[in-house]
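In the two complexes below, subunit A is the common chain; its partner is subunit B in one and subunit C in the other.
Then we have the complex of A and B:
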């Protein structure tokens, strides 16, 4: 520290003949910069406008823009527009959805699967989060959590492939069961809703674990001790104290996992079969073929997004009501 | 807490650790199998698949392609995300909540829908499928994560430091460069690593916005669709080790910075 200071004063002395100013001082005295900063910071209002204009343009054009454009395309009869063809407004892309079972069946399947997988993720990760927040000393908590985070740095495709190896007919699970003598012939796990579920829970567990962990970690231990002193059993303590006070974590974890689950494309393609086609595959199909199917694809994506938003919105409302009712 | 509970919970935790690690370990091990056929048991072993990865120009170029996309998109995300975070943190103005909600939006849109929307928008903007389109979509998708991380750090910046800088005659820009930015370094580094990994691992956006050149996940996906082989295990393992190592290093590095 003092060395650093000495060095600085030394170089400062050397430079003293030329100027007393540092780089920053010279910058702010430099004509063009001075003029520009003067113009920008003339009033707090103008300063704010300069700061706000770029973020505003960004969120409108990059975040909202794609969604609005998708909505617009979903209401047209041709996109991308070929030369010489006129584009018309139509609702046909939406009516097409209800007209055919091969469209709405994957849609409802996706919603049901996502809800079930979300629930499974919750059931699996809640005890893990509880253990981390309650039974591990504070010093070790980060270490134990980090251990679980490492595999989540690995990408979607690689982890999906790992599940394929685990569950295949000659996969680890089947070989283990055979070796233990439980089965003679391998169980066909792959290309079913089971293999898809294992894969999706594997991919989304972290997004459930972290909100649950932070909710449980915030909850003071004394609440449970007080309940115990009043004679509540372990189960009652969990049901009446811990669970109601972690509803917020459950609510945000479930919302996140549900939204992510509905959006998987590669995992259902690789782990699912013909009987488990999800809506993402249906939507993607419209973009592999000639361009004139794009409006239908856009309409289906819009339906999916609207449904996901309505469902998660309703769910959060319900959870909020539950929380308010419980804390009263 | 009673002891039985504790033991049960710790069993669940370690079972979960196994669930999370075992599939990846099996995948690594399978890359050493001396046979084209994926499956257990493994009778003879070889290093051929792993050495093959480093000789495969297709894999190496996909790897380079993914890396450049990750670096470029991260730079954009960091600049934009930091800017938005500075606007949103600690300021009250009309429309703030709307801007905040719109900022977070890309993180909440399910993958396939976001990919489709980007594809349509890119077409409208006249961006051809390929590297530019992928970089753009990754950058837009990753901004919310940067905003959240930087805002969290920014909220702990002592206001007195900013006031002191202003009293000493620094203009807002110099105050930002000399006070705010150095304070944000740990957050920015952490967010960069997160963005790099998100972009490197992303499949769905790269798949729908890519041209003929595949990114690494797209290449692995294409190979998987034509059949499993230990070659894919070796490629996936190299990708896994790389992302895992960066993740662990970043975690430790940002922890150390945060402590200082």
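Then we have the complex of A and C:
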């Protein structure tokens, strides 16, 4: 009788424990779940496969999928395929680029502009990142970063229009110069490589600033103090200690900004002028023009993509070599 | 003429008047309560908001508008969806009909199902471009043209008699135009057929003419401030005084004039090209019956045509629509007989050949 009571009490306690468990607790005690997790985590190899599935699916469908589709379109002679038209594979869209010099100028102009604007962004943002990482207290750094992030709360087009308002003939800059008595007539800033450059630097600055800030923030202050103790001047400390040890941040920032700059479309269209046509505008033209021009646009986009990747790959290698050379 | 983006300010300014004008329900009385939906691809302001609300209330048909800004994009979207499109009504420019028809994207319009067809001005509904292969393919709603617009405080009317002023040293860096459109105008200015229909049998001549126009625009490139793409861009440049004069579609220019901006427009003596926007029914439209109900309703009254003009600045194709415009609106949407006498409509017959030459020429000018 007492055994029976003890067993009932024990069963009752177990049931109570079970009902006290949360959903996740109950799930982890559920037999099929146990079985499945056991099978999945039976070996490190299985664990790796399970963990890799989601990122792989994401990269494949979200990142690589559209690129591969674009590559496929670039190798066809018709897209979208109209009724009654048979689609064939061809390399003609690629030979069109290499066979016609009129496409080379916007192509190389884009690469040169992107390189120059990347360099300008680096020169402008490095002191900002340096100040932020080295001279702003950690408590205020987040506030400072938040201030820098504010323009990014709105989209690219709105920020581009902000530049137009700033640089237009009746814009703030011309009004100020006029008020100060420096000019009688407005300076035509807009629709030039200058206005386009200002726009692109403004739009990409944060992509440069964050890697630089990260690199500078990780750099121990004691390194510079040691160099100072050994008699190095401020310039020497920067040249021999800070700069080499932030090359990784420079490399990441430049790569990001360069790649983004090669693909800008709306900003050059809105801020650029007749002599600043970039390759993205040429590519967009093929997609806007009705008919079978999508494959050509896709081929040109692929060419630019490959060129940008080759250039950034070369740049990364150069930076790696530089870094290794300096740290040896 | 490929893109359109219009100021909404004009629409907002006239919305109240439009609502009042469109309050009369008479034009929808014949439409029975049908229900369902109708999907429309069109430009901003081409379906007056007041009309849309009233149509939905009276018929139970939900109007889904997807804004487009480009004929080419519309074609590509539709081609990608064919043969089972999601759209019922598109907005195709008359001179682009052929391309859509050749690709089986449009259904012939059964005008017998449109009791209000007769309310369109016959100049548009019965003109030669509107009938292809013995069928009508669209209901004309708005008409536009390529004009020379100028800031009246900076440029005098005497200076804008010819397109040459756009390429004068005096206004260096103060002009803007759409390259693709300007190619046709330059060909016309040079005395050629900018539609290239006259050279259908002589592609070599057509190519030489395009080359001549291209060379002219390359030579004049140092004088231009901006090659632009959309109506909103040219409006912005005028408002910011970045340009003193420029080629424009009459719609965006009229919208600025109606806003009180010191702007005027003209068709220079060498002439220009006009175009007509039409509502068309897609081949295999999923809600074809509702599409016809919508078309008949929107054609019902000149007030609706006037509301479209007020919002877009383009000229209504409806009979008597001008009776519902203010004097300023009438002024901004009318031209003298002398100007109109030089106006030609864009034609589609030679488009394939024409744009085969013009598109690379445009790229070459941009790259030069």
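Note that the second predicted complex is superposed on the first by the 265 of 328 C-alpha atoms of A that agree within 3 Å, B and C clash if a C-alpha of one lies under 4 Å from a C-alpha of the other, contacts with A are read in each partner's own complex, and residues count from 1 in each chain.
One rule holds for everything that comes next: contacts are C-beta pairs under 8 Å (C-beta built on N, C-alpha and C of every residue); 3 or more make two chains touch, one makes a residue touch a chain.
A quick note: this is a predicted structure, and the numbers were derived from the prediction, not measured.
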item: Room on subunit A for both subunit B and subunit C (clash or fit); value: clash
item: Partner chain(s) touched by A:194 [first = subunit B, second = subunit C, both, neither]; value: neither
item: A:51 touches, of subunit B and subunit C: first, second, both or neither?; value: first
item: Contacts of A:148 with subunit B and subunit C, given as first, second, both or neither; value: first
item: Which of subunit B and subunit C A:169 touches, first, second, both or neither; value: both
item: Touched partner set for A:274, first subunit B, second subunit C, both or neither; value: second
item: Touched partner set for A:298, first subunit B, second subunit C, both or neither; value: first
item: Contacts of A:132 with subunit B and subunit C, given as first, second, both or neither; value: first
item: Which of subunit B and subunit C A:69 touches, first, second, both or neither; value: first
item: First, second, both or neither for A:266, with subunit B first and subunit C second; value: first
item: If touched residues of subunit A are counted for subunit B and for subunit C, the larger one; value: B
item: Subunit A residues contacted in one complex by subunit B, in the other by subunit C; value: 80, 164, 168-171, 269-270, 287, 294
item: Interfacial residue positions of subunit C with respect to subunit A in the complex; value: 2-3, 70-73, 75-76, 79-80, 82-83, 96, 99, 103-104, 173, 221, 224-227, 229, 233, 236, 240-242, 355, 359-360, 362-364, 366-368
item: Subunit C-facing residues of subunit A, complex; value: 80-84, 100, 102-106, 164, 168-171, 186, 188, 190-191, 269-270, 273-275, 277, 281-282, 285, 287-291, 293-294
item: In the complex, subunit A residues that touch subunit B; value: 24, 27-28, 37, 40-41, 47-48, 51-52, 54-56, 58-60, 62-67, 69-70, 73, 79-80, 124-125, 127-128, 130-132, 134-135, 142, 144, 146-159, 161-166, 168-172, 175, 202, 205, 234, 256, 259-260, 262-266, 269-270, 280, 283-284, 287, 294, 297-298, 301, 304-305, 308
item: Sites on subunit B touched by subunit A in the complex; value: 1-2, 5-6, 9-10, 12-13, 16-17, 19-24, 26-27, 30, 37-41, 80, 83-84, 86-88, 93, 99, 102-103, 105-106, 108-121, 123-124, 140, 143, 169-174, 177-178, 197, 200-204, 207-208, 217, 220-221, 224-225, 228, 232-233, 236, 239-240, 243-244, 246-248, 251, 255
